[in-house]
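Naming follows writing order (A, B, C, D, E and F), and every chain is counted from residue 1.
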Amino acid sequence: MSKKIVDFKVGDSIQGFFLVKSIKLKTSSNNKIFLDFNLTDRTGEINAKLWDCTKEDEKKYSEGKLIKVKGSILEWQGKLQLRIIKIRNVKEEDNLIIDDYVLSAPEKSEIMYEKILSYIDNIDNDDIRNIVSYLFKENKKELMFYPAAKSNHHSMHGGLLYHILTMLRGAEKFLEIYTFLDKDLLFGGVVLHDIAKINEMDSNELGIVSSYTSEGELLGHIIQGIKQIEKVSEKVDANKEITVLLQHMLLSHHYEPEFGSPKRPMIPEAEILHYLDVIDARMFDMKKTLENIEPSGFSDKIWTLHNRKLYKAKYNNL
Amino acid sequence: MSKKIVDFKVGDSIQGFFLVKSIKLKTSSNNKIFLDFNLTDRTGEINAKLWDCTKEDEKKYSEGKLIKVKGSILEWQGKLQLRIIKIRNVKEEDNLIIDDYVLSAPEKSEIMYEKILSYIDNIDNDDIRNIVSYLFKENKKELMFYPAAKSNHHSMHGGLLYHILTMLRGAEKFLEIYTFLDKDLLFGGVVLHDIAKINEMDSNELGIVSSYTSEGELLGHIIQGIKQIEKVSEKVDANKEITVLLQHMLLSHHYEPEFGSPKRPMIPEAEILHYLDVIDARMFDMKKTLENIEPSGFSDKIWTLHNRKLYKAKYNNL
Amino acid sequence: MSKKIVDFKVGDSIQGFFLVKSIKLKTSSNNKIFLDFNLTDRTGEINAKLWDCTKEDEKKYSEGKLIKVKGSILEWQGKLQLRIIKIRNVKEEDNLIIDDYVLSAPEKSEIMYEKILSYIDNIDNDDIRNIVSYLFKENKKELMFYPAAKSNHHSMHGGLLYHILTMLRGAEKFLEIYTFLDKDLLFGGVVLHDIAKINEMDSNELGIVSSYTSEGELLGHIIQGIKQIEKVSEKVDANKEITVLLQHMLLSHHYEPEFGSPKRPMIPEAEILHYLDVIDARMFDMKKTLENIEPSGFSDKIWTLHNRKLYKAKYNNL
Amino acid sequence: MSKKIVDFKVGDSIQGFFLVKSIKLKTSSNNKIFLDFNLTDRTGEINAKLWDCTKEDEKKYSEGKLIKVKGSILEWQGKLQLRIIKIRNVKEEDNLIIDDYVLSAPEKSEIMYEKILSYIDNIDNDDIRNIVSYLFKENKKELMFYPAAKSNHHSMHGGLLYHILTMLRGAEKFLEIYTFLDKDLLFGGVVLHDIAKINEMDSNELGIVSSYTSEGELLGHIIQGIKQIEKVSEKVDANKEITVLLQHMLLSHHYEPEFGSPKRPMIPEAEILHYLDVIDARMFDMKKTLENIEPSGFSDKIWTLHNRKLYKAKYNNL
Amino acid sequence: MSKKIVDFKVGDSIQGFFLVKSIKLKTSSNNKIFLDFNLTDRTGEINAKLWDCTKEDEKKYSEGKLIKVKGSILEWQGKLQLRIIKIRNVKEEDNLIIDDYVLSAPEKSEIMYEKILSYIDNIDNDDIRNIVSYLFKENKKELMFYPAAKSNHHSMHGGLLYHILTMLRGAEKFLEIYTFLDKDLLFGGVVLHDIAKINEMDSNELGIVSSYTSEGELLGHIIQGIKQIEKVSEKVDANKEITVLLQHMLLSHHYEPEFGSPKRPMIPEAEILHYLDVIDARMFDMKKTLENIEPSGFSDKIWTLHNRKLYKAKYNNL
Amino acid sequence: MSKKIVDFKVGDSIQGFFLVKSIKLKTSSNNKIFLDFNLTDRTGEINAKLWDCTKEDEKKYSEGKLIKVKGSILEWQGKLQLRIIKIRNVKEEDNLIIDDYVLSAPEKSEIMYEKILSYIDNIDNDDIRNIVSYLFKENKKELMFYPAAKSNHHSMHGGLLYHILTMLRGAEKFLEIYTFLDKDLLFGGVVLHDIAKINEMDSNELGIVSSYTSEGELLGHIIQGIKQIEKVSEKVDANKEITVLLQHMLLSHHYEPEFGSPKRPMIPEAEILHYLDVIDARMFDMKKTLENIEPSGFSDKIWTLHNRKLYKAKYNNL
């Protein structure tokens, strides 16, 4: 079997199938055109160049399609790059399933969807359950593939569901430790906190986000989510305080004004929602970073981790 | 005629009618009870103490009512204070009109309301005019007395209308200078930008705010205003982009995340809206501050002006 | 039975036993001496004044002793205050147990100590277990009563143990969700993270901290803890990487340089340690704050919560 | 007629006349020399490369001269670039007027100069009018071409005059709305606020700034302007308070210490001056940015606009 | 001999002569008038109250005069306070020299003045020496008593001279270590850096500052000093670069924009000037603070030292 | 004699010997391999490229070895670059001494070491002298070549010793001016403040740091130094207060939390230590920067100097 992206090293000659995440015709500094690809498989992503091409080559390949590539791995400005030697589109007889080449959450979307539904069913308060259930079901189609971000944590097929589900697991635990917390608000807040990412970003069915929507840029998913709750709350005729509390949870879950929250949490459930969110993002990024370094080694500075390096301990990794 | 609050000096013996803005029974550091008042007339506000009182005295006087007071002015911790010597409630035969004792905008509410209406009528785009007109008329009753803030700039009877009207005048001017600006969006944004202050704060009909509402604390007038636009937009079946643009103007008009705007202005009309708002607040506070200092003198540090002192020039004030 | 401090309201006449947390002879603004007390019972703390006293009265009462008091509750500058009418020291025949008047953790110290020990026994790595176990046992005497802070969260008898134990419970949960985390480091870090608070603060056996130690002021508990690990690590001949990792966890657990951490977490266990610490502090403060407000009400601004107000929901509190 | 720079698109073959703003001989990453130009016409600016040149080619072309160019437009690192195929200097028979190729203010310098003069004549206070008039006339020669900045807003021929004039128009409007403002100080402050940019930057007669002067780097135009007022005030024997007030307006007009104002405005005229300055810069940048994007589109992040994207509404641009 | 202020303790009965730094008639919270004094001797300053006085008492005593007082020391809100029992003005026969009661620099003004002059004579460059010498001599009368600040470091009779002289001593040392520094600029910058404090503050001949001047508030001593250099430079016909360099040193010597320096040092002599200034202020404040605490003790938080506590070591103070 | 690096100019043809500081095989943007060198002599450092090489060439040259090079100087992205035409390793018969090609402190390590030792001998307090002497001697071997930083100030052979020695000279001066300072603590703090840089960074014997150590990354030299003092203090049985004071000096010497000091100086000796450290770093960087610019010229923005430009005066440099 051919090497996976996560295992590529400088000097490797590689051959295999990849998904085209993006493709662009560019001009080099010495005035030649070339094709610039971003390719993925389930394990990672790599930049690739096809030199000595013609303008027509651009039309042969498409985003969201699979290609077969032969090439070699080199390093360019501190990052791995794939220099393409041979390239062709996948044929029917290659007999491939596209899902195998898409960066995906570790659980199947259908299963995650059902698990989250059972958390929702477990909400006792009718109003909260109605609002949450309505919005969760209304967005079912998109939830099956939407990532939780464009390029940061959980930016993968099914990433949004996976993020919600992991946070619900954490929420369940905190409810055991801090028993004065309200389960219904906390579960509700977790499920809804990022639901409007579906309206903020345009994702294709592979979970790849090409851009933000206009409304997403002008308002952001927090405000978009609050507007959705407002409408659904009217539909299900929910209590006003409950509606405002759910909206407050969305509004405050980024915690810092400069990260988009004009109000900080004023109820403990909102406080916990914030920390569940942060911790899940951090653990995701840290796990991914550590997978790519050797014991006793440090990662590069990771922008999403406050520009920190991570260290991989030797004692428990040998 | 008796002296007005704005003219009080240390050592004055005064006698006159005032409005009770607040009243509270307190205990002094040497364990005696006294009544602590905040009194206003059209020109200003002063703290007043009634010493040697009984618990029953508290019930005699009420917030929002007029009283007649005799007393003397002293200074306590850098501020003027009125020591009450004689006090009684106003009688019918005093023949007073309460409005004369309320801190009020310099124009009549009815007239300001009509002037703003004519700006709204001047909006060409049907959707914008419909949304703005709907919300402006729906809140007519409250607009007749609501202040623009609890204790900062324009915290007076009719203050919100006055703030909107002055900003509209400025907007009109900028439209002449920067002709690429969209009049409809700018007028619309000005009228709506603080409209949900009516929902954020509880004001009595004298324009005195006792407290913030729960929803006001949990969401704030920016978010509350966005929700109102969302609903009205549906009612008048407005274009979606227009709805989002108006919501974006509300969202961004405080400009800085730490002052409540998670997004900065992305259209020039929102940028101008912000500056009109800031300038009107600053001019209001500066005018008021300068009225209380002598030529060649400095004010104290004013908290709402970034803790600055103001200077009153001599050359043009003699 | 007499009212507890947590239930006092303005105007109450109260009678009961209290612990003297502090006592000081002061002079009032009208030049009279009085005794200024801070009194506690298991439920809270209140300031109390004895007026019309003599200099000799000061010597009659002592910090850490119980007194019987009769008095009335008033409000002074927004806080409740107890005006003492009658006061005497407790007599043997009052038959009181001092522990009943001390603000204490909800579990007995002996039991918490044992529970934490069993977490420590569960550490697989010998070096980590040896270091942690050594330091935990060496400080047993102080751990039985030390609070986790001078006046913030968990500032009560047994507070440090309670803080550690609650965090261990949370750590256990996160290990289930984020399975790549190292249990031994995480448990070790939790137990040791604040252990040097014992050296940073001087606490009496009631868990009341009078002051910081000189070394505590000059270095702080993070550095003090690192020095202790250094010495114990030599004693138990621990692996150097493990020693440094535990020291790194202490060093980074306040996360922000301005809160005392010159390095941010570089291993995921240190990241989680930080969040467990913050969440436990926040939940403690929020729970305490909410207990003192009515449904639909807001608290005052709480300094330890970034100066936020908290809201107590009505829907789940009626 | 040939295409203007503002209309260039990737793939265009273009031919036309341009002004050489800068020219430099460089070495490419594959070790070949080439000529690197910045070219302008009245509508914009573009980078251009002449490949396969010799060292002698550099001497053929000069900054501030017109050339004729044939070439094609490509994209390099997100920006348009002109690849030069043919190039020659302009000949007399081309019959061109250099002003047509210079980025210029929309009004003629002479006219703007006269308009500003009539504002100055309108200043009633003799001292203010004398100081302002003196400095404005003394700098007449440079004012005819100086830009208001090296590369930010109003960096074009006549930009400084245009900036002053637009601000005077705004000042006039605010004087109608906020009638307590002093017209003389405000007009004076507007005219003088950036006058020392002439001493801070070296501009050629096309309004192109090559560099800052040494004094400009070491002191900055605010301090330089204050020094000029000091000297002129002595010459015209002005009142000291008036001199200091004008100096204070210069000193405070950047408002924030980190932008060069060690004092914030302490008179309302200085406050308004600041906002007029900011608004004019913002409107200039926004107008320019919006001209280059399509309806429903967003611009890139603009550094001078706090790194914001701008949105061009569809509803009023179709 | 009677106790000095620095040695006062709670409970002391004291009797002695003091200088009246300020005097004000106030009203207490229980509505009685009293006289509020700030008194000094050479060793320190203390607040004092005369209760049970009449309005006439205020006229008996004057700022800047000596009084004889009998009273007792008590503590009020954490600070010592003198309760006056007997008070009278000083009589001729008391035979006192006012200088003995004024907080003063440790060296005589005349001597410091001469020492600084000899540093100035040591400046080789004629232009620098002329400018510095001119300004230093022109301000001789005020330099004999001016403090370096209103209430911070060196706020005492002769404080400005003392500050300059100590910094010159430090400058001399750095010139030996960092031999590439220019002696003339450095000496010149030190002498002039605060010279305009004389114009920024109003001080009486005891070195007590009552207030800032209007120009001081509106421009500040940095800008005022730059203006003075500008004028003197013209008078002595100095080289322009030298003038600008001296002005740059003044402009940048507070280093941070938020402390008044819009430009940071761009020459090493300006960098050293800044550090000499900061170090001298810090050493002054630290020395004073340490004199008032016991070995092994901590001071209170000192506002002028970034709100730090200081520690007085035991090992070298016993 | 051949030109030194500090004197290289664009267009120079150069020939000479250099030390290989680093070497790396890279691929150019047009897909060719080349060798990328950093070369030094005693005067500076330059990047150099060998184009048209083979993979085998990389093995011929080694870091820390001398080479002979012929080539030409060009400019690439604002920096000088050496294009290598001929290259060979140094032969025995070239008769070179490697030290002549290493960036080195201006004094010999042996001499600096002895000078510092005599400062240490001058410490009167036995405990301080013992601790300092122990750590200084223990690290003698590394001190002979260690730099004070990886790439900032004093990053050269013997740089750490030079930094310590210069600071001791400054300390000596301040002790004369501020006589209340404790000489022993100050000398001790200066010698030890950066001693653990030896453990934080890996340097070869040429004073070139390849990387930070793991412990250096995870704890930093401040904490590492504190741990060393802790151990040595036990060995020499030092007084506890003295040990803590030395540790406090290390802990606080970066002053700002965000630069690694969780505590600010609480003793004046720590305050002075900080300023000596900063001043020495600044003077080093400024001297070096000024050597490379012409009179009347400005440097580029220097990152280590808060991104400032420096100005080289004309008047004293001609």
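Just so we're on the same page, a contact is a pair of C-beta atoms (placed from the backbone, for glycine too) under 8 Å apart; a residue touches a chain by one contact, two chains touch by 3 or more.
In UniProt terms, the chains line up like this: A, B, C, D, E, F = 3'-5' exoribonuclease.
All values derive from a computational prediction rather than experimental measurement.
Engineer: Once the contact rule is applied, which chains count as partners of both chain C and chain E?
Structural biologist: B, F
Engineer: Over half shared or under half: which fits the residue numbers at the contact of copies chain B and chain C, same or different?
Structural biologist: different
Engineer: If over half the contact pairs have to be identical by residue number, which pair among D-F, E-F or A-C is the repeat of C-E?
Structural biologist: Matching pair: D-F.
Engineer: What's the farthest chain from chain C if centres are computed as the mean of the Cα atoms?
Structural biologist: Between chain C and the rest, the longest centre separation is with D.
Engineer: Suppose each chain is reduced to the average of its Cα coordinates; what separation in Å results between chain B and chain D?
Structural biologist: Averaging C-alpha atoms per chain gives centres 40 Å apart.
Engineer: Where the centres are mean C-alpha positions, what is the separation of chain B from chain E, in Å?
Structural biologist: The computed centroid separation for chain B versus chain E comes out at 44 Å.
Engineer: Counting only residues that touch at least two other chains, what does the list for chain E look like?
Structural biologist: Residues 29-30, 214, 217-218, 241, 245, 266, 296, 298, 309, 311.
Engineer: Hey, which chains are touching each other here?
Structural biologist: Pairs satisfying the touch definition: A-B, A-C, A-D, A-F, B-C, B-D, B-E, C-E, C-F, D-E, D-F, E-F.
Engineer: For the complex, which residues does chain C have touching chain E?
Structural biologist: 26-27, 29-31, 214, 217-218
Engineer: Show me the residue ranges of chain D that touch chain A in the complex, using the header's touch definition.
Structural biologist: Those residues of chain D that touch chain A are 28-30, 32, 51, 74-76, 83, 296, 298, 309, 311.
Engineer: Show me the residue ranges of chain A that touch chain C in the complex, using the header's touch definition.
Structural biologist: 125, 166, 169-170, 173-174, 176-178, 180, 182, 184-185, 239, 241-242, 245, 264-268, 271-272, 275, 278-279, 282-283, 286-287, 290, 296, 298, 306, 308-311, 313-316
Engineer: For chain E, which residues count as touching chain D in their complex?
Structural biologist: Interface residues on chain E, with respect to chain D: 214-215, 217-220, 222-223, 226-227, 230-231, 234, 240-241, 244-245, 247-248, 251, 256-263, 266.
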